[in-house]
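Starting off with a structure, shown below.
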Amino acid sequence: MPHRLRRTAAPYLLIAPFFLLFGTFWAGPIVASFLYSFTEWRGITPPEPIGLANYERLLADERFFIALGNTLWMAVAYVACANLASLSLALVLDASWLRLRHLFRTAFFLPMTISMVVSAVIFQLIYAGDIGLIAKLLAVVGIEGPAWLRDPATAPLAIVAMRVWRTMGYYAIIYLAGLQAVSVDLKEAARLDGASEWQVIRHVTLPALKPVALFCVVLTSISALEMFDEPMILTQGGPGDATLTAVMFVYQQGFQFLELGYAAAASYVLTLVIVAISIAQKLWLGEKER
Amino acid sequence: MRTLRRRRALEPSPLVQYAVLCGLSALLALVLMPWAWALLSSFKPRSEIMSTGFLPEVWQIGNYVELFTTTLYGRWLMNSAIVSVSAACLGMVVCGMAGYAFAKFRFAGNTVLFWIVIASVSIPPFTTVIPLFGWMAKLGLLNTYLVLVLPFASSAFGLFMMRQYVSTLPDELIEAARIDGCGELRLLLTIILPLARPALGTVGILIFISSWNSFIWPLVFMRTDAMFTLPVGIAGLNSEQMAEYGMIMAAAITSCIPMLAVFFLMQKQIIAGLTRGAVKA
Amino acid sequence: MKRRTILATGAAAFLGGRAPAYAQGRTTRITYWCWSEHARGAQAVYPRFREQNPDIEVEITNLNPQEIQDKILVAMATGVGAPDVGLIIESRFPTYPPTGGLLDVHDHVAPREADFSARLRTRLKHHGRYFGFPYIQNIAVMFYRQDMFEERGITAPIETWDEWVGAGKRIRDRDRNRYMHQVSPGAVGFGPLLGYFEAAGVHFFTEEGRVIRNNRAAAEVLKVYHDIVRVHDICLLVTHNTPEHFVAMRTGRIAALHSGNWGLDRLEREAAADAGKWKVQHFPRWRADGPPQVGNWGGSVLVVPRANRNHAAAIKWASYLSADIEAQIGLWQNGYGLPTSLAAQRDPRMREPQPFLGQSMYEASVLGRDVFYTNLVRDWPRVQIEMGRQLDAMFQGQKSPDQAWTDFEAAMVRQYG
């Protein structure tokens, strides 16, 4: 008797610590944040319910849309570059004739071990005008490069490039694992049928990679849509709000202007956008099974 | 035999192979260049960084000395270590137990609760931070280690990974132990956890890395510079009016070392864990 | 309440980081947050304070000024993480007293009211009570390279703005790689820009905090700011405090540096090799027939957040920095902050030359000018950020200065009415 009781109680006891923490630090705040988004809360005074006023204000807030727009297009640029770069790298690394595969794989992964803050700080001295590495290299050849971080056209690209640098090796490893799981027999069969190497890749390997690709695309999207560290450190959202991301906007409203209710509302709109995009990606990349 | 000959015939010519190897090496050099530049700059005094030239004229360690004597870098390092190790240990326990429950038990709310956890991954930062900030302030937990350790321990990825791994453990083993009269607690401690060690290790490392590199949480919850973790401390050094670039590079380089060490020691495990999770997803 | 405090400090003693600052034995430790040259100034005048107050230890922390403002604001909201004494940028001060998080220091400041200017007497008060200690102020000045001026036959000091622009053209004609002085876009460019508005005697807000509509005078100043970069082409567009900005200082890319008095500290550190070549002069008069008026580049105010317990010690430190003549002069000599104490300003030591310049900065750039202070409003960062956006759009060529001003005004009306 006691055994069976203990057995039915067991799962609940096992999950209790996790959900106690999860409830306090994730689920609870997510719900509370939703409620706070309907209040005006300046931190010093208790929150005052104001209905939909925050959302109305968001819809009229030019900077919020600029932030959303920047976030979306930087995300597109990053997801495309990161996935293409890492997939290509993985394809090369997967080649059976390649030597030193493990060395390359490890070496390319290294940038992932450093935090986004440290990578941003390091890249400051790469992108800086006059004294940055790029500027100095160009000076040797006699060209004056653009002020990467001070020009609204190049600043977002510079940040995306920095991120691709950091995460390329990580996603390459994931794609590599996916590639190595593609059935060798299928590839052999295609080759026997006379397919060229490129056709094998296109018609056998890539389709088989769809689940892995979906995983990588979803991960890269979420991390891009939540970009904060790099613009915060390198450009503070400038120049001219060109690198203002949605999360930066939330941080500014919440912790610099101390408008916590408004910030909560903004973060919820961002959540909706992220969820919508994730669902769209699943539908697009997910269901086309062989 | 025929397949082998065919495979060799399919290999590109040695020239192409060599070219690809060169290209890959060039790409690698490009990827490692920012580090090399940061390393070089960390040995230069400010006047050299602000002028032309690539290599330091005189290699001096002044920046490193200044880093440890005039800033709270040592303290930040300690804070990061305490938070990350505690979060990793607590996380292994908590995620391990919960992962086992989700994998091997059928109970009410099994699916719903699990999907709630997975869904939480797509919630952007600051959504949770905003209310937490107010609550932690009221509870007096702002600026403490606890406020960073606890959220990182309840990691959604950790739960996902543990459930994944434990579900591959044979049910027969568990049933056999139960029939033998093994109590639930003993089952967990003596059979499940030892078998799940690889996944536990990976979860611990992942939580360690993500809490070590986290910026947003300590930025908001740590309010005095003695309690900063490394990323927040370095960002603070960087935002000074006349930033000491050389010292900042020294800080950047030294802060890479612990992570690199962890990575090299646990390489196989990290990569195995990451790929296992991805391919099964 | 008491039990919760014990629990919080006891249980979290290890996890909770450091123990609260209570008097250990007979020494009280207090924390003071300030930045760059103010930290250096404080270090320089600290020994004398220690002699006078052996039972008080001050921990001087150097943080980014914008961060200090944000952190103190949040600290007052949460009661956690406030320093014992903090340095607040004067333009951001109005936001703090209404929060209720600052200590009322009226009884410590009012008795010496006569020692500082009328403007401070109004600005530091909230509902008739003082909430901050006057500390230092910064006048907008122009540092210049005397050798470069002489090369081009320019005699300094240059009296009016038109003459300055003319001189700038001579600098540019001689060498296309050199500029007269620097102009910064972005939100960080707002500080320097204010100096221009104030030299022209312009307000954006009324004293009650409402926006002045159809502010033609202001629009004109913005146009001048735009034209010196894009039309007259005498200024280098470089963002303030970036590596490029410092490189321009040290390589002589700019013949003059528009800065506050604290700019001398930057020059000393960045352009040490050029000691003796740099001099300083007044910010040029906006109109030849106008008043001898210049702008300021911020002042700072010492505040004591209420959250901490070491009020007595904090007040002693703040009073020392604010009122002690030796301290005020020491701050000028070591950090180049202009004393708010009128008695200190009259002290002959103020006129001593600065070694780097070989002249007295006080006589050359401060004396003989009235300082104009524009009206402030609450939540000053909003004004900064909005103007920063307009500046960026304007310098990118996306809108005319007139349009930029109109948009700025409209945004301010939406925020402040």
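Each chain carries a letter (A, B and C) given by its place in the written order, and its residues are counted from 1.
Heads up, the rule we're going with is that contacts are C-beta pairs under 8 Å (C-beta built on N, C-alpha and C of every residue); 3 or more make two chains touch, one makes a residue touch a chain.
Note that the coordinates shown come from a computational prediction; the quantities given were computed from them, not determined experimentally.
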| item | value |
| --- | --- |
| A-B compared against A-C, more contacting pairs | A-B |
| Greatest separation from subunit B - chain, by CA centre | C |
| Centre-of-Cα separation between subunit C and subunit A, whole angstrom | 38 |
| Computed distance of Cα centres, subunit B from subunit A, in Å | 15 |
| Shared interface positions of subunit B, touching two or more other chains | 50-51, 133-134, 239, 245 |
| Junction residues of subunit C, two or more chains touched | 74, 77-78, 243, 247 |
| Residues of subunit A whose C-beta touches two or more other chains | 43, 124-125, 131, 255 |
| Subunit A residues touching subunit C - in the complex, by the definition given at the top | 42-44, 63, 124-125, 128-132, 147, 150, 152, 236, 238-241, 252, 255-258 |
| Residue numbers on subunit C that touch subunit B, as the complex places them | 4-5, 8, 12, 14-18, 31, 35-36, 61-67, 71, 74-75, 77-81, 241, 243, 246-247, 250, 266, 269-270, 272 |
| Subunit B - residues contacting subunit A, complex | 3, 6-7, 10-12, 17, 20-21, 24, 27-28, 31-35, 37-38, 41, 49-54, 93-95, 97-98, 100-102, 105, 107, 110, 113, 116-117, 120-135, 150-151, 153-154, 156, 159, 178, 183-184, 188, 209, 212-216, 220, 230-232, 234-235, 238-239, 245, 248-249, 251-252, 255-256, 259-260, 262-263, 267, 271, 274-275, 278-279, 281 |
| Sites on subunit C touched by subunit A in the complex | 70, 73-74, 76-78, 99-101, 185-187, 239, 242-244, 247, 379, 381-382, 385, 388-389, 392-393, 396 |
| Touching residues on subunit A, where the partner in the complex is subunit B | 3, 6-8, 10-12, 14-15, 17-19, 21-22, 24-30, 32-33, 36, 41, 43, 89, 92, 95-100, 104-111, 113-119, 121-126, 131, 133, 136, 139, 165, 168-170, 173-174, 176-178, 181, 188, 191, 197, 211-212, 214-216, 222, 225-226, 228-229, 232-233, 246-247, 250-251, 254-255, 260, 263-264, 267-268, 270-271, 274-275, 278 |
